[in-house]
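Residue numbering begins at 1 within each chain, and the chains themselves are lettered A, B, C and D in the order written.
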Amino acid sequence: MPHLPEDKKRILTRVRRIRGQVEALERALEGGEPCSAMLQQIAAVRGAANGLMGEMLEIHLKDELVSGDTTPEQRGAQMAEIGHLIRAYLK
Amino acid sequence: MPHLPEDKKRILTRVRRIRGQVEALERALEGGEPCSAMLQQIAAVRGAANGLMGEMLEIHLKDELVSGDTTPEQRGAQMAEIGHLIRAYLK
Amino acid sequence: MPHLPEDKKRILTRVRRIRGQVEALERALEGGEPCSAMLQQIAAVRGAANGLMGEMLEIHLKDELVSGDTTPEQRGAQMAEIGHLIRAYLK
Amino acid sequence: MPHLPEDKKRILTRVRRIRGQVEALERALEGGEPCSAMLQQIAAVRGAANGLMGEMLEIHLKDELVSGDTTPEQRGAQMAEIGHLIRAYLK
């Protein structure tokens, strides 16, 4: 999880907002709302998921590659894993 | 909402799966899981949101542009709204 | 290709703009420009590719599902192929 | 541009492949190919642009945050700019 408490809190706020959006979507579907309105809500969920990805990736880079006295070797080991994530994110 | 009950059911199943993924993400964050694991879970949520968008858009096109005896004018009126959605989806 | 000449022209303009952006990117790389500037140019190419996808998909839906006196069966046959495209676009 | 010659070469290969794909798309449009074939080619261009973004971002992180003896402050200054890029990439 994010190292700084304020980063963790920001991520938690984003995750809860997405949960609220998904719950609203479920209610809209059960309540028979028009498809066009639901399609807009789904686009908002996707946008929020992208925003969460970006913020979490930034925090992860900051925690693992930027902060602290580290050697190039230590950062290189972290980078291998980060490379996998970036490739999964950009496809 | 989708016109056919089986379409509605498929969408509901997808929405509930996403809700489960987001709830698991919230627990992972509160439980102090490593960022790299959470980043993978977030990628899965985004992928599921994309899948939901695609299926819902397909159902909407089928319900509004394909099914039933409609005139080009009626379909054209629906298409104006669909155009807005597609532009929101592909950006 | 798009049925209406004005649609074809709009798509051609977009494709040529993307070609210009990609050529500029190649020159930037060969000229030793900073990575951060190149990363912004790449984001612009991806954005332009998304815009092209959206416009082309809209034209295709208009040409195949909206225009003309067609039966639900004819439109259903077109829709099968369109469904494949949408799933490829939203992943 | 990428610091290592082999990284630069890999990026150049990707950029040239995209240029070839866009030129083929232009010919397809001028040659009157079916929209469905063109829509698949456009999806391939977008996929290639995403792949290029991912590889370039990875190289940039390696060059600026991983390699060399740097201080947390130096890496933090680089990170500010990288944060902007990531937000542009994930939206």
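Here is the rule we go by: a contact is a pair of C-beta atoms (placed from the backbone, for glycine too) under 8 Å apart; a residue touches a chain by one contact, two chains touch by 3 or more.
Just so we're clear, the structure is a prediction, and the values are computed from it rather than from any experiment.
Trainee: Using the touch definition from the top, what's the fewest steps needed to get from chain B to chain C?
Mentor: Counted as steps through touching chains, the separation is 1.
Trainee: Give me the chains shared as neighbours by chain C and chain D.
Mentor: none
Trainee: Which chain lies the greatest distance away from chain C when centres are computed from Cα atoms alone?
Mentor: A
Trainee: Between chain A and chain B, what's the gap in Å when you average each chain's C-alpha atoms?
Mentor: 18
Trainee: Any idea how many Å lie between the Cα centroids of chain B and chain D?
Mentor: 27
Trainee: Where the CA atoms of chain A average out and where those of chain D average out, how many Å apart are those spots?
Mentor: Each chain reduced to its C-alpha mean, chain A and chain D end up 21 Å apart.
Trainee: What are the residue numbers in chain C that touch two or more other chains?
Mentor: Counting only residues that touch two or more other chains, chain C contributes 50, 53, 57, 89, 91.
Trainee: Can you tell me, using the touch rule above, whether these chains form a line, ring, star, complete graph or other shape?
Mentor: ring
Trainee: All pairs of touching chains?
Mentor: Inter-chain contacts occur between A-B, A-D, B-C, C-D.
Trainee: State the interface residues of chain B toward chain A in the complex, per the touch definition above.
Mentor: Counting only chain B, the residues touching chain A are 1-2, 8, 11-12, 15-16, 18-19, 22-23, 25-26, 28-30, 32-36, 38-40, 42-43, 45-46, 49-50, 52-53, 56-57, 59-60, 63-64, 81, 85, 88-89.
Trainee: Under the stated contact criterion, what part of chain C meets chain B in this complex?
Mentor: Within the complex, chain C touches chain B at residues 47, 50-51, 53-54, 57-58, 61-62, 65-69, 72, 75-76, 79, 82-83, 86-87, 89-91.
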